[in-house]
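Labels A, B, C, D and E are assigned to the chains in the order they are written; within every chain, residues are numbered from 1.
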Amino acid sequence: MKIDFSEAKWHILFIILVLLLIYPLLFAVSTSFKTMEEAYSSSALIPAAPTFSAYERVFTTIHFVQILSNTFIIASIVTLFKLVTALFAAYAFVFFRFRWKTPLYFLLISTIFIPFTVTMIPNYMTLTKAGLIDNIYGVALPQLADATGIFLLRQYMKGIPSSLMEVAELDHVSHWMRLRTIVVPIIRPAILSIGIIFFINSWNDYVWPAIMIKSEANYTLSLALQMFVSSEGGTDIPVAMAVASLTMLLPLGLYAVCQKFIIGTFAQSGIK
Amino acid sequence: GNSQSSTAPVKENGKTVVTFWHVYTKNFGAPVIKQMVDDFNQSQDKIIVKEVYNPDMYPGLMKNLQADAAAGKAPSIAMIGYNYLDYFKENFKYTSPSELEKTSSSDKDFLEKNFLPNVLGLAKAGDQQVGVPFSISAPILFYNPELFKSAGLDPLNPPKTWEDVRADAKAIHDKTGNYGFYMQEYQDNWATQGLLTSNGAVILDKDSKAAFASKEAADAYQVYADMVLKDQSALHIAADEGIASFYSGKVGILAGTSAKIGTVMQSSKFPVMAAPYPGFPGKKVSIPAGGNFLAVTAQSPEEQQAAWEFIKFIMQPKYLAQWTINTGYLPPRQDVAEEPALKEAIAKTPALKVAFDEMPNLSSWVSFPGDVGVKAEKMFADVRDKILSGDSPSEVLKNAQDELNKLLK
Amino acid sequence: MYSIELKNVKKVFGKTEVIKGLDLSIQKGERLILLGSSGCGKSTLLRLISGLESITSGELFLNGELANSMAPGDRNIAMVFQNYALFPHMDVTRNISYGLRISHTPQDEISRRVGEAVRILNLGGLEHRLPRELSGGQRQRVALARALVKQSDFFLLDEPLSNLDAQLRGQARKELVKIHEIYHQTMVYVTHDQIEAMTIGQRIAVVHNGCIQMLDTPANVYHRPSNTFVARFIGSPSMNLFDARLDTGYMHLNGHEVRMTEGWSGKTALHGQPVEAGIRPEAIVLSAEPSEGAVPVSVQYHEDYGSRVGYYFTVNGKEVISIMPEDILNGCTQAFWKVDPKALHFFDAASGSNIGYPE
Amino acid sequence: MKIDFSEAKWHILFIILVLLLIYPLLFAVSTSFKTMEEAYSSSALIPAAPTFSAYERVFTTIHFVQILSNTFIIASIVTLFKLVTALFAAYAFVFFRFRWKTPLYFLLISTIFIPFTVTMIPNYMTLTKAGLIDNIYGVALPQLADATGIFLLRQYMKGIPSSLMEVAELDHVSHWMRLRTIVVPIIRPAILSIGIIFFINSWNDYVWPAIMIKSEANYTLSLALQMFVSSEGGTDIPVAMAVASLTMLLPLGLYAVCQKFIIGTFAQSGIK
Amino acid sequence: MYSIELKNVKKVFGKTEVIKGLDLSIQKGERLILLGSSGCGKSTLLRLISGLESITSGELFLNGELANSMAPGDRNIAMVFQNYALFPHMDVTRNISYGLRISHTPQDEISRRVGEAVRILNLGGLEHRLPRELSGGQRQRVALARALVKQSDFFLLDEPLSNLDAQLRGQARKELVKIHEIYHQTMVYVTHDQIEAMTIGQRIAVVHNGCIQMLDTPANVYHRPSNTFVARFIGSPSMNLFDARLDTGYMHLNGHEVRMTEGWSGKTALHGQPVEAGIRPEAIVLSAEPSEGAVPVSVQYHEDYGSRVGYYFTVNGKEVISIMPEDILNGCTQAFWKVDPKALHFFDAASGSNIGYPE
């Protein structure tokens, strides 16, 4: 394909779009290196006198590593569990034939439509009984029940040419091996994308941990960020933005690694 | 309802556990709270207090309280914003401090002895003492002496009435091109209540009916609206940005809370000065107290007593002085003013003195009863936004009052 | 006991009946060729045998066992798909060895078999390419190799060599026969290539319209086609068909008379009947010089096939093709044609079925 | 494919899974038909004496239709806008060649990692300036900036065999027409799935509308639901659940229609 | 001015050089056949001409204009893809008419052209089927039809008839030529079918190893192959190649002596030289009876191709194939072979290139 004029136009439109979208990120990172005074007085993206003091304050006032690891554990459990169950369920819905498949699928998918507010209180009550309040696993648990992954992965799986599955069928390959050796490798980029989205959603989740978590030892990053934001006493913007920047850092790094992986494996697995 | 199991007090190493829910962040209040808790835990060996931070200020704490209530649980002590007083009283179980001091082994007249009646009244709903006042903030004017000078005004002679504010703001706007005035615009009516009631307006009458659609209220609002709309000398924008504009020297006068004294001093690039909240000529200034009180929500008597012990501990002048120095809140006890540490701090930060002097003018922040509370909050914010975008104050107030009263019946 | 037996098998897709009550019995170890025009249902038939498509009605027996609802994986079938069906994420070696790896075949056995398949199909040097880095023909060979290494009881091949050049094709076909002679799999082979069909097949099934038109040895299918469809379908260019009438010693054909061999003359029952006479292009002898019984004709055009030359002319409005081993006209259009009376086929004018041969 | 034993096991596992997931939905609907007393005393899924009183209370105390239409307008705008822009952007990232494509994509995708808390404050400030506070369009606006759709759609588009695009290229088909006549029809099921997820997310969003919306005329369903949940300390469960049920109703109905559509069109467009 | 001209074109995929400095000039309105073994780069060449693949180095001219970086859409090319590339979401009619609809061709013109393509390719009745409801051959025909209706300047076909049966193939090939004679598009046609190559092509380019080995008329390519690769590649079964030595009047071939025609005897420069002698299977005459100059041989096996029979035997360890129009041995294995001296080809033993022919 060659670049034609219309592509050039898209190009410009794009850069504008990207800059608009990216602005909050730049803002957060830049502010985190400002002094409190500069944070309020200047909106320049490059700090006049960059300082690490906000980061110092972060590391001295909160147990950052502990909080980071809490968040990471929760997000990892949620992501892995949701991906694995979604893979199995989507596989079954695409490649099995069984009674009530369509109504069952419909029911399952309709759970996506339940608002968080409806499940919040019963979940809280259940977790209280289970003694999982103020516990990071208690934060993770209700997030596991989510059919979105099934919904998305099913579509990707439907794109796998049926003849590939037929080859495996003729070779007497078990469903488990078909999933492992054919389905997963082919839709791996999709799995990774969805995984990243799951991860970020859990990573940045705020409402539910705010209800569940009481002690600072069990804090997540989004709560830690909140610890520097107060409408009454004012916000320590540099510190808040330092926490925000750190919050973005890990998943971004993870993504950068995965992206390499995605590009790498997509090159190998594209059904073209 | 309460389940049986959760009424027994939680014990840890034989000590009664007291959970203390507060809303203070690391950069505002939390370090002092932690100090108080640590000191208390070391001072005796029967009780252990655990502090729990609740994000999102009072609404956030309230949401968590609801979740706990649904699960049949409750913290031992909850920090409740004054504006949630009625709402809290009607929807949650608590033990009145008057009861606690009676059943307590010592200090049976703790409240009476140490607190001014009008301060205790801040945490009173009807005849019920719901909790113990802890933090008190007062609306206050911050101003930028540099802008005053550039506008030819005398920084040592800050505005005393709202008309003065309007005139000074206009001067600043005309001479320097900056905004003259900004009143904090949170989603509440705290700052505006001070404006209205100082002109003699009543928000809620004795029958607990909304009564703010008065000429006084409309007139007071009109001054503010004129600054925004006619003179264009006042900024109308959400709180964070408005306050940030003041910090960066683009606004001459900020009407805000005394709780922000620390942050304002630290964030501004000029030496901030403060003045009392203005009034109207010939009328008594009446400004709402912000802040919170502590309510005992513990369910077992043993835990209630433990909680009460802790409350009494942190109500010592020593700690309240620390609290004031670090946050800018006014102390609920008069005798705190005598603390040397506080005196020293006032000498350093004259703004604290300004706030202190406002104590006699404080009244309750109006809190609507029943399930209207949360909605009323929003309605007030709504009223402000409508008026500031050009609607007639009397009409907007009238409509809001009618609607509220419909809900109140 | 047959290895594969289909009894009155039907297959309906939506409203289209693709296989219309087909009967077919295949011996164990036999190589059966499926021939038929495009879209006649050959691939469908293979898919029915393999169980990848369910049978609408009728019965399928595999090794004497009713297999209508046997799982495909239990049938021990290797299949070359018409569209190759290579795994896009596996390189050539891993594609070929997939089934073996899954069934935990020992590693050295895998290497041996894969190595042999790679050698046979000239895939050396491509072992670590992904399918998208291969040419069409290379992909097809990988698909064939993958089925080859399985050494299953049944071997179904759907036009496995269609995208290969003639040399490779010839080579592959010989290797396939060689391998078959070692393992004796029951082989069903779909092809459009006459040489493949004739040389690989022990029997050929000609499918048309969802039914089998003829099922016999390659020689019989070519030399004694059971009806006009088979006659026209096998052989390229197609057999010439004429409206004709048989008479004692002669055949009347478009106003010409062809002297018949004795065998035919004896079939008096046919005399006077309208029939269709089939003459393969090779049996229409053209010459530049007149000879006894030869009829003059004006050749419209000719095609040089390399080893042979085809001449096209019309006889009473009907196009006739003659094939000669070399160009005998050198650009002339005037020629004389005659029919080799030994190489005649006769079909019933109404039903199209073969009337039979003398002897 | 035939059902084998392992499929039967999956089958049972499934039904359990689905029932677990679906429970809150059933709970909400069933409770909405109970009296307040029964709601607390019995946890049976079928109300002893079904009553519409909760629904009556909903319709008399709030302007349900107004609130429904607010929510619908917001969710529709957000969904349509995000889908359309994501389609264009994903198309460009898959089928165009331009400089800085990879870094640009990386930047764009990294915006997914920005926590809501970071963008909330600047967004609120910007919308205040634009006078869009307490306005349903103000609620919709910041939700438009979301690169998730690009992320997901790009994967689907990569699955389109390149030769199809090449056919169009040889036919001198403009990019716009390629998008319209080839890409969109082929990935339509994916577009619909993603659209549904966008719709639900916006539909059930609570935190942002809670910040933005002041007057009841501009309420969304999740705010209305919260009003009943919180104002009574969770006591008027039937009314809350009636609102919840109504909240789920519309998207579920929409989905049912789309599902027909998805199944219908997938049958037509699967690349098999 | 050539219609298509490639000058020293190279194409590298990763590390693999697929096209290695290829030169090719095609006249306007010419029908050029690309022949070559599987994986030799034919499809790649078509993709380079169409612009779907970028040229690594060298120059491509279309109608005299440098086209290296011309957008594919501006080249006015219709192409039949080897893998069909049908739009999965469009039925047959909409697939065929896609390009026309996009370019806003009037509706009746679309209907006319589509109708004609459907008729020519026997797709009647399938108009409203989706690709996945078609058989392999049907899909291929749809792909061809889609390219046909475009009536572009250039027409590139990548094995467009490989999955069709012989009858349909013969028919389609004639229609293609007929259509070409109306529209005179410049046509580049990839095929593995000798008959297609010989009858459709006005010239044939034989590609091997990324270079063109021979570019000439079909007759010359077959009858006067430029080197041993071309000689072996064209013709099936392949030409037999022997190590030989020429002498006055005789050729020494594996210990046998073949009497040469006068023309060859005259080429005295070659005498005594080791050469490779090529003899097509058709030129090796086998008979059951001994005759003058015929050498006795034991036939190992024979293959019945229907219209012809191939005999395989070894001469000094080398397999030799002879093709006869009919079975002349009737199961015997004892036979006598001789060479038709007029049909001999000689190649340089070292370089493999053709030494030339007498006259």
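The working rule: a residue touches a chain if its C-beta (ideal position, glycine included) is under 8 Å from a C-beta of that chain, and two chains touch if they have at least 3 such contacts.
All of these numbers come straight from a predicted model, not from anything done at the bench.
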At minimum, the number of touching-chain hops separating subunit A from subunit C is 1
Winner on C-beta contact pairs when B-D is weighed against A-B: A-B
Farthest chain from subunit C, going by mean C-alpha coordinates, please. B
If you average the CA atoms of subunit A and of subunit D, how many Å lie between those two points? 16
Between subunit C and subunit E, centroid-to-centroid distance (C-alpha), Å: 22
CA centroids of subunit A and subunit B: separation to the nearest Å works out as 38
Whole-Å gap separating subunit D and subunit E, where each centre is the average of the chain's CA atoms: 57
Got the subunit C residues that touch at least 2 other chains? 71, 83
Would you give the residues of subunit D that are in contact with at least 2 other chains, written as numbers and ranges? 1, 161, 163, 169, 229, 234, 270-272
Taking each residue of subunit B in turn, which ones touch at least two of the other chains? 63, 70, 240
Within their complex, state which residues of subunit C touch subunit A. 50, 52, 71-75, 77-79, 81, 83, 85, 87-89, 98-99, 102-103, 130, 132, 146, 150
Within their complex, subunit A touches subunit D through residues 1, 3, 6-7, 10-11, 14-15, 17-18, 20-22, 24-25, 27-28, 85, 88-89, 92, 95-98, 104, 106-119, 121-122, 145, 147-148, 151-152, 155-156, 158-159, 161-163, 169, 174-176, 189-190, 193-194, 196-197, 200, 203-204, 206-207, 221-222, 225-226, 229, 241, 244, 247-248, 251-252, 255-256, 259, 266, 270-272
For subunit D, which residues count as touching subunit E in their complex? 161, 163-164, 166-173, 177, 181-182, 185-186, 265, 268-272
Which residues of subunit C touch subunit E once you look at their complex with the stated criterion? 13-14, 35-39, 41-44, 82-83, 122, 126, 133-138, 140-141, 158-159, 162-170, 192-195, 198-199, 218-219, 222-223, 232-238, 280-282, 303-308, 323, 325
For the complex, which residues does subunit D have touching subunit B? 40, 121, 124-125, 128-129, 131, 133-134, 214-216, 227, 229-234
